[in-house]
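Next come two complexes, and both contain subunit A; in the first it sits with subunit B, in the second with subunit C.
== the complex of A and B ==
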């Protein structure tokens, strides 16, 4: 696989006479135990990497040299070296890691242990478990504010956002939101947090300074039964203009005005859309569609879905390496 | 993580996390009653039903509620009684009432449930997590009785929709001799009418031979008919039904209480986070979660969801909340679950499973309903005489 890729890359370099490799997206395939690597220029899968069992959450180190992978059924976090695309290490993670978030210090990894109702904080360098924080049932979403002050965990069955002080590793506030909160995304200035509630069908906008909800969004996809509108992944553009909300089995992504919280459009993507990521220059959005086993590509210029890329079975997470 | 270290970690972390939002502690006490009459001897007794079916689900529900409750200063406790006779079940109920309990989850036959409901005062809320009888949802309703267990007709409507959308509309029905078998078969006959299925043969099961020796000889003859698309079995206790698949006269699938079955819950359900519930249950119960466990768990989680919002354990407050727009239960079936306001039945999707896999999940696309697609399963408002909310 590796040699093949190198040859392809070499051929590409000669062909395009450019030293830079094309930008790549990594997709975790929950039921295939693999990662699909997508070339974002050709929008094709160029490599499939075997990883641990039931890979779900994936994220990049802050220096973009490593990819961390929650191998949920192996109860571990794997470390993929991006230069060689080999698993080079594992981290202790607690049981059944599902989602995680890396502190801006590039050291503290906050892991939601879904089966244990615990958030585990691991130092990625020393591999030490720094803390285990008791949270609600089925902790799922994890986010750390860009300023590093807060780690937020969503617990699905408890329906709460747990606000963890990153200095003391203690919960300072619990906010009850809609049923089955799945994901939290911070604005770049760390002032606003967006939290999706899958069964509630809502997105909750939290003012981070006061730790209070300031707005609650709901969605109505034309022609789709309201029961199937289930918000999961959220992605925000860095200019603060747009938010994108993956609406699960409604098979649509909502385009939201990030200032007024108004829904501008619903875009039809693959079946059961879960997570999203923007590419480097924020011209394209990639979505993982669990049931149809593909990735949809949305062009942000005209807000159109331009491509679907077949990946493995039950694609879960997607991240795009901005340096590649 | 070992059990011990986890327990230690939990107790340690409880201290760290115990910063309740509300100062006053609220203790929510729930009673669980189980009385399951002996099913009598059955031919296919190879895989016995667990005796703690329902109880374990209730226990898990309490654990789940408590985890949420500790962030809100709410504690939950379960008082349970698994009775050997109906009299013992009623006595246990009365003792719990005297002890001040007002919230109950009951896994017992319809007749026992009715007795308990009549004995209970106004300030009581009972969740039926056992009886599937349609009569409890169509005429014999009670204002303080809610059902988390689906009715027979919800199950058979799920099957009827599936047969309809597969276009397997000519079926051979075999009905066992018990009251439950007849209840299931009556529900199926209604479903057949609703979903345009033709019952080409409707035969009662009368054989009393041991099918482990003779299934291959007796069943082909029993299922002789000119043609049918599927055989539907109504054998609730699992007496002869396990021997029907692969022994039919024509090479046709077997569905119903055996073969592919509509169920409340099954170990093969794993979507929408269900894998986590299954894991949690397995860790607690040392076995797979079944229909009764799920119905009891759902009842207790319903109470928990209401208490989280209300910070009150008053049955009247809870009941009002459950029938308001604010209540919705996330229960790993991919939809938010709510109660039907005419008969107190919890709306829910019905999985159709075979022993090792999920086949489909009702309701199916194309079966439309003006209010909730889930109301295409079971007795809808105009078909039920019950109006427990006036």
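== the complex of A and C ==
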């Protein structure tokens, strides 16, 4: 009995000293110049952080201690310390940064500068601009392969994927895709890249070894005009089973079998769904819905949208901190 | 009068209603066609029209099919209750209602039992409808099917009492067309069954207020919230209150002698 009491007391103490930390999602609100912080357990906004003007692309450092924010109208990348949730630094970014990607070395940040038709590479430690690479007109999407070999930029007007060698900072290949390519996502093994073309309404699957397109997908959402089906954000599960494609103003997310490229379902979310992120154990997918100003949560077990959480105006990007 | 007598009478009335239902099985099926048409055809056309807004009890965006399903459950009960009223006129004309009311048990008990018996058949239809609605992805939580039962019983009692009240005024069977035009359609269309009330308010504020004063709106909302495991005290309160008032009025005013067979219009 005594032991039991001791154990209970001990358990209570442990419980008190280390409260279970719920994981959080960060959402950039383009029009409010804020980040919303969502507790993924309670699915409520627990904090709103003021950041620079027009925050769009956001990403986590590889050690999950910092969050980088493209403050597009301030022409800078801000650094948010995750422990204190305060802006601690800014990085040079070139003009109008929208999307960016961090190399696995946790140092090289690749930033697409839409107005200048260049990609700027910044060392996040020394804040030095390492290179400015000329790409097509209106560069937009940015991704670095998990093995660190390739950086890919999409240029909206040229409708190309520019494959940049991360050692030489030079373009090695251009692949023409559908109109207005927006976003690129690599499979975890760096073998396959998925690229969305917003106006073309397509998603292009690229074999990374040969740098060739192996498949092109299109989407047909029941009851929605085809003009409104505009693929943007893409997210892949690490087991290689599913891909999720945000279909913009069609207000749906496509669930795709990542092996057969067959669309399994279309899920109704908020208006103009933009970017996506999976939580740590990949049981829930979070989507930013720009026009309706909320974040929808999809349960992956039964592929149902379970909740939509009001955030700021024009939520753009979402990342979930897996360590919190 | 012992409880056993009440029970005996209760079972008797229920059995009679089931027998009637069993003899009219095709009516059971055909009564399902109407809400299913609304769900599959009408809702499909309006899929994208509803607009963007998350309203309780829903926690995310829903298809129009999902929105109107609770309203169509209400519609099934509404039509059945009015048809029940019709059957009471019929019973009255044939005199079988008088046989029922010859029972020494209190009249309100007899009438409420009769309403419950009619409600059981309606609720059976609602559950069949909800099962079929799964085919168009109307998927409330599993416990919602149980939680909605009190709301369905209350709705069927309220609309049954309304039917009973109307039945005291209908002189002949043919007047049912009037019931359709002046009771069923206005009640159904001027409610939250087809459009959320914020939509009505955008269209016209006075229409919104009519909908707010329509007890059918609150019955539908009680069904909607219960089906999604949310508690809506206002909807339940209003539906319950209106049920009591209508039941009192209907039982007090029910005079089986009022109409006469074969056109003799003078009360006995």
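Structure notes:
We take it that the second predicted complex is superposed on the first by the 305 of 324 C-alpha atoms of A that agree within 3 Å, B and C clash if a C-alpha of one lies under 4 Å from a C-alpha of the other, contacts with A are read in each partner's own complex, and residues count from 1 in each chain.
The definition used in the following text is that a contact is a pair of C-beta atoms (placed from the backbone, for glycine too) under 8 Å apart; a residue touches a chain by one contact, two chains touch by 3 or more.
All values reported here derive from a predicted model rather than from experimental measurement.
Shared-chain residue A:270: touches subunit C; no touch with subunit B. Once the two complexes are overlaid on the shared chain, A:179 sits against subunit B while remaining clear of subunit C. Shared-chain residue A:137: touches subunit B; no touch with subunit C. When the two structures are aligned on the shared chain, A:205 is found in touch with neither subunit B nor subunit C.
In the overlay built on the shared chain, the residue A:223 is in contact with subunit C alone; subunit B does not reach it. Looking at the superposed arrangement, the partner reaching more residues of subunit A, out of subunit B and subunit C, is B. With both structures placed on the common chain, the touch criterion links A:307 to subunit C but leaves subunit B unconnected.
When the shared chain is aligned, no partner comes close enough to touch A:129: not subunit B, not subunit C. Of the two partner chains, subunit B is the only one that A:157 touches; subunit C does not reach it. Applying the stated contact rule after C-alpha superposition, one finds that A:45 touches neither subunit B nor subunit C.
Across the complex, subunit B meets subunit A through its residues 1, 6, 9-10, 13-14, 16-17, 19, 21, 64, 67-68, 71-72, 273, 276, 279-280, 283, 301, 305, 308-309, 328-330, 334-336, 372-374. On the subunit A side of its complex with subunit B, the touching residues are 94-96, 114-118, 132-138, 155-160, 162, 170-172, 174, 176, 179-180, 198-201, 225, 227-228, 249. The touching residues of subunit A, when paired with subunit C in their complex, are 222-224, 251, 268-271, 291-292, 294, 296-297, 304-308. Of all the residues in subunit C, the ones that touch subunit A in their complex are 44, 47-48, 52, 54, 59-63, 139.
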